[in-house]
Structure formats: C-alpha cells, structure tokens
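Pasting a structure below so you can have a look.
Naming follows writing order (A, B, C and D), and every chain is counted from residue 1.
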Amino acid sequence: MSLATAIRSDLRQTSPPRGTHACRALLRRELLLAWRRRSDVLFPVLYALIVVTLFPFALGPEDALLTRISGGVLLVTVLLAMLPNLESMFRGDLEDGSLEQMLLAPQPLALLVLVRVLTHWATTTLPLIVVMPLLALLLRLPIEVLPVLLIALLLATPLLALMGAILSALTAGTRRSAILLALMLLPLAVPVVIFAAGAVAAAQSGLPYLAPLLWLAAALILALVLAPFACAAALRIAVET
Amino acid sequence: MHDFLAMGGYAMYVWPAYAVFFIVLAWDWIAPALRRRELLNELRGRMAREQLRRQRAAQSNTQQEGASA
Amino acid sequence: MDNAASRLGQCAVSSIRAMPISLSASAAPILDVQGLAFARNEEPVFGPLDFALDRGETLLVEGDNGSGKTTLLRVLAGLLQASAGEIRFDGQPLAHDALHGQMVFLGHQPGMKNDLSPCENLAFLSGLYGAREGADVGSALAQVDLAIYADTPLRMLSAGQKKRAALARLALLPGELWLLDEAYANLDRRGIEMVNALVASHCSRGGAALLTSHGAVRFADPHARHVRLELAA
Amino acid sequence: MNIIPLWLHKLSSPPVFYRFAGALRPWFLWSALILGAAALYGGLVLAPPDYQQGDAFRIIFIHVPCAWMSLFAYFCMAVAALVAMVWRIKLAEVIAMECAPIGAAFTLITLITGSLWGKPMWGTWWTWDARLTSELVLLFLYLGVIGLFNAIEDRRRGARAASLLALVGIVNLPIVHYSVLWWNTLHQGQTVNLIGQSKIAPAMLWPLLLMVLATHLYFVASLLARARVGLLAVEGGKQWARELIAEKADA
C-alpha cells in the first residue's frame, strides 16, 4: 500500500502552480502571440487614422470647428477602433480549445481572465493611445488639453475593454456577433464616453476636469474587481456547447 | 363630442400617442399567441412523426415474426 | 470488490479484469458515475449511465458519431452540467474547483495556439497545471517523437504532428485522471502505439484514463485492464 | 421545510406553473382591461385640461405608467435572471427572457409618446433630455438581451447568457442615469419638466394611479401568457407537454 502511494505521488498534484505563476505563464503566452502577429497592431491605428482624416473633409478644415469637436471625435474613434478586437477577444481561444484548458486550470478563472483582458488591452489599444498625439494634431486639439485626453483614454479604454470582455465572452461562438456586441456595448459605453468626453470638454473650456476623471477611475477600479468574475461566468456559459 | 376629439387643438399628438399605446400592447399580446400556435404545430408534427416511426417499427417486427412462424 | 462495474440502459459493457493486485490506496474508485444523463434542448444525448473507474484502469468509451461521447467527456470534466445523476471523484461528490489540476482533459481541439511552437504551448500549459516530478517540456516532446519540431510553430505541422504535440502534455502534466477525446484521431500506427504506451504507463503508476473512440481503432494494448462502454446513437 | 419555499418549489415545476398561469391569466387580463378603461375615462373625459399644457397633458396617462413599467419590467427581469444564474431554475430562465419583450414594448411606447408630447411642449420631436436619453439607453439594453438570447442556438444556454447580460445591465442602469444627468447639466440642455413639481390635482391623479395599476396587471397577464409559451418551447419533449398537446388535439 505504501509502495502504491509512493508510486502515485508524482501523479497527484500536491500543490498546483500559484496564481502568480500561472499569470506569468499566461502573460508570456499572450505577449508571444502578440509578437508573432505584430502587424495586427497596425489595424486599429490605421482605422483611427482613416476616420480622423475623413472628418476635416466632411466638415471643412476650419480650425475653430475642428478644435471644438476634436475631443469627442477622438474618443468615439478610439471606441470604434476597439470594437473589432473586442469582438474576437475569445474567439480564437474558444475555437482551438485553449479556453477549456484555462477553465479547467487549478487557478481561479477570474484571475486568468483579468490578465488576459489587460494584456489584450495593452497589445491592441495601447498603440492607439500612443499615436493619439498625432491624431490630436490632425484635429487641432489644443496642446494643453492633450494630457487630459490621454489620461481620460488611459482610464476609459481599459474600462471599455473589461466590459467588452464580458460581452465578447457572451457572444463568443454566435453568428453576427459583431453587430450584437456593438448593440450590447452601447449602453455600457454611454457613461464612459460621457465622463471621458466631459473631462476633455471641461479642460478645453478651462473648467475643472478632475471630477469626471475621478469618476472614470472609480469605475475602472470597480470594473477591475467585478468584471473578471462576470467574464468568467460568461466564459463558462460559452464553452457549454 | 367634436370638442373631445379635437383635444383642445392637440388631437394630432394625443390620439397618435394613445394609438401607439394600444397598437404596441396589442402586438405584445398577439405575438406570443402566434408563437404558441407555431410551436404547437411543430410539436404536434414531431409527435406524429415519432408515432409513425413507432408504428413502422412495430409493423416490421410483426412481419418478421410472421415470416419466422 | 467489483472495480469495473459498468452497465445499465443503453450501454453494453465488457470488462476484463486481469491485474491481481490493487494499486489503489483508498477504497473508493477514482471516478464513480451513477445515473448520469445529459439532455440538450430536452433531447436526450446519452444516459442514464452507471460506471466506475478504479485507479490503474482504462475506460474506452465507444460509439458512433453523435452518440454523445464528447458530451460525456465534457460533463465529466465539468464543462457541462449533467441533467441527472451523480459523479463522484475519489468518493467525494464532484466539486470542480477541487478537481481542477487532478485531471488532464484533452478535447477535440488541441487546446494549443497555432502561432506558437509545441515547446511554447507546453510551457504555457505547465505554467497553469504544473509539471510532474522529473518531467519537463523537452522530455515530453521527445516521448511523442516531436523533439525536432519543438520550435516550429504549430501551424507548420501536419495534423498528426499537431495531435502528437497535444498528446505530449500527457507526459508532462500532473493529474490522476485523464479524459481524452478521440485520442487516436489523425494518428498513424506508431502514434496509436504511443498513446497506448502513455496510457499503460499512466495506469501502471496508479492513474486512470478515460478515452473515447468512434470504434475505428481497436484498443490494442493487451496488458491494460480496461472497461468498454458503448454508447448507442 | 418552510411552507413558503415548498410551495414555491412546487410552483417552479413547469407543468404546475403552466396550469397555474393558464388559470390566473384571464383574471389579470380582465382586471387590467377594466381598470384601464376606467382610467382612460377618467383621464380623457373627466380630468380638466391642464392650465399650462391644455389637453396635451393627457398623454401623461399613458406616458408615465409606461415609463414606470419599462423600469419595473427590467427590475423583474434582473431578479428572475439572478435566480436563473444562481439556482439554474428553468422557470426563472423562461420568465427572465419573457420579461424582456414586454419591457421593450413599454420602453418603445414611452419613447414614442414622449416624443409626441415633446413636440407641442418643446417644439421638437426629440431632445437629449436626461430622462428620454436614459429611456433610449434602456431600449438598447432590452434589445441587447433579446438579441443575445435569440443569437444562441441552445435555448437554456442563451437564456443564461442573456440573464448575465441583464444583470450587467442593472448595475449599469443607475450609472447611465446619473452620468446622463451630469452630462445634461454640463451642456445646459433643456431641463423642461413635463411633470411639474407642483401638486397634481386629484382629478388627474386618480386616473394616473389607476392606469399604473392597470399596466402592472397587464404586465403580469402578458408575462404569464409568454411564460406558458416559453415553457412549452423549452419542455416540448417532456411527457406533460405531450399529454397537453394530445389533449388539445382531442378537443
């Protein structure tokens, strides 16, 4: 009997890898994948560039008008440029079965989801924020407003990514998921856009802009805590095929 | 009566509002009834198909028994 | 003790008990399934099924396409919730959070990324699940004859090689219970023997495995104790 | 076991609920129709015209009850969705999913009647007023739930996915409301209060309250009718459904 237990000891898991260890493995995999498909980074950036270039043609090149609308246009452009990537966030994982492997892992799924969403944000949306000064220049955003816009984006886009991740998990594996995701994201995006654009507009007209930014930060913290659990629940539903 | 229908000049806003109220709620009431009829037809069809299959199976069984006897 | 009880309803079972000694330390079978059934949209997919799997045993689930083999495996893995019945793991009612990490599940899909090499994929898996003592990615790939492709992205490999890359986890990850869906699919004769060898060595060390097959490949290892479970369509 | 949970447990069995709902439905419908008729008579005939808005204010008798119902239906959906997610009760899944179209219908009525009321009062069909905007967002929430439920082939899986979305939505709803209020003050939009702050006259109040009651009763009646169909769709293969269909065929 003791022999048998000794033989078996290497099969039985005494202590599974800790959460941090698993997170590091997931982070490494996600970054590797992003590196292998590094040209994909350009798509949202190009999309945003195209949209921003079209606005002056549609509205006329008057500086005053462009300055007035630039904050809102840039925010909505970023939101729209995020959509295709959000939609496919879990599709690959669902199709090749790696989602199941994450679900069955000994670590809490919510933790893995959090790492997954944040790396997804960093590899798909952060490049958009990096080129934002250029886009702001094209739309004549006043230079002193640019930091507020960047902070608003740095708070708003992870928030949208976390909420989008829930919806992406819910629509994974359905037909017409792109339009469905947009429909479902709109109500969630409304407060985010209001506060982010509100901060930029306030900064532009010389009003205090801290309050909306703090609201965004509070919402981001709330989403960081709650969204991974909702997303994990949605993923468990998604694999039930 | 004419005054009532005229709604103090606001007839073209008040009456359409009430019409929308009734039309949407009527649709809300009829839609599940239609769905129910469709569903019942479908379920009935499924049951009929199953019964047919069972009858055929029973027939072929009796035929086989007849042949062996 | 009847360590390979498996019958009822639609499943025909033949059990071969050959091993004389029990490796099992605890009396309870590693997997004990009673009255397990699953229905999708009220259409029964399989069951009710009763069977038990002891340590050192292999259960081969056979059935035609659409007979519910994959569904059974997903229910056992906890990815799907059964409509009726009970699953006991090691004598305890199944609580999936506790079970995770004591089970290796390999579904239809490889669970690996096409853009990554077998080596990178396995490193990720062992990052989640840990590694058996003395096992590492290199030796696991060597066991499935894939050492020379260790750094080739999965998308460049053939279907059989991909399958082997997926199977390499069996030589790496810890876990007493293996749930392998279509483990023989896409494999040549040597590959099939390789799977059998992996399963046999796992069972000889006190593990247990549950494999599905659509019946095209016969379980070829004469030394394994195994139970066969046939699912009717 | 407590009597009430036991009773609830029995009621949550689909065949029992099916018969129960079938028996209750006409009562709710008829009381809704009678109360609604009384409310309409009171609102359209008996109530005097408003001293500011004239007869246009009579839209209040449908606009306000429907606006309340649009939120009430969402609340009911969220409660049923929570029960469905936590206890996986089939009836709760069905009820949550059947609340959505009724709620969407009430939201649609609220939006259209609000627009019809706004035209003579504000001189425009649509204004980005806080209340109307929130209502529009609510409509999108409903459409999302309905769309997701219909996009997933497996009914129960679809119901649970859409239930989760409904729960995300109810967390979001107050945030939307306050953000829209804040946005409105920021942009100094119209803050015309259709329903004045002043006390509402009793002759206007009782038809309004009666209509509120009537719409609640109608909601229950419609929900019962829809839940019956939904249960039949989910449980179509079960014995009780077969017996029921056979009974129908004989009759």
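Here are a few things to note about the model shown:
Simple rule for what comes next: a contact is a pair of C-beta atoms (placed from the backbone, for glycine too) under 8 Å apart; a residue touches a chain by one contact, two chains touch by 3 or more.
All values derive from a computational prediction rather than experimental measurement.
Contact counts per chain pair peak at A-C.
In this assembly, the chain whose C-alpha centre lies farthest from chain D is C.
Centres computed as Cα averages put chain A at a distance of 43 Å from chain B. Once the centre of each chain is set as its mean CA position, chain B and chain D turn out to be 22 Å apart. With centres set at the average Cα position, the gap from chain A to chain D is 33 Å.
Centres computed as Cα averages put chain B at a distance of 46 Å from chain C.
Within chain B, contacts with two or more other chains are made by no residue at all. Of all residues in chain A, those that touch two or more other chains are 240. Annotation for chain D: residues touching 2 or more other chains are 154, 236. Touching chain pairs in this entry, ordered by label, are A-C, A-D, B-D, C-D.
Residues 40-43, 81 of chain C are the ones that touch chain D when the two sit in their complex. Those residues of chain D lying in contact with chain A across their complex are 85, 137-138, 140-141, 143-144, 147-148, 151-152, 154, 157, 160-161, 164-165, 167-169, 171-172, 175-176, 178-180, 182-183, 186. Contact residues of chain A toward chain C in the complex are 1, 4-5, 7-13, 15-17, 21-22, 24-26, 28-29, 32-33, 36-37, 92, 95-98, 100-107, 112, 239-240.
Residue ranges on chain A touching chain D, taken from their complex, read 163, 166-167, 170-171, 174-177, 180, 183-184, 186-188, 190-191, 194-195, 198, 201-202, 212, 215, 219, 226, 230, 233-234, 237-238, 240-241.
In the complex of the two chains, the chain B residues touching chain D come out as 4, 7-10, 13-14, 16-18, 20-21, 24-25, 27-29, 31-33, 35-36, 39-40, 42-44, 46-47.
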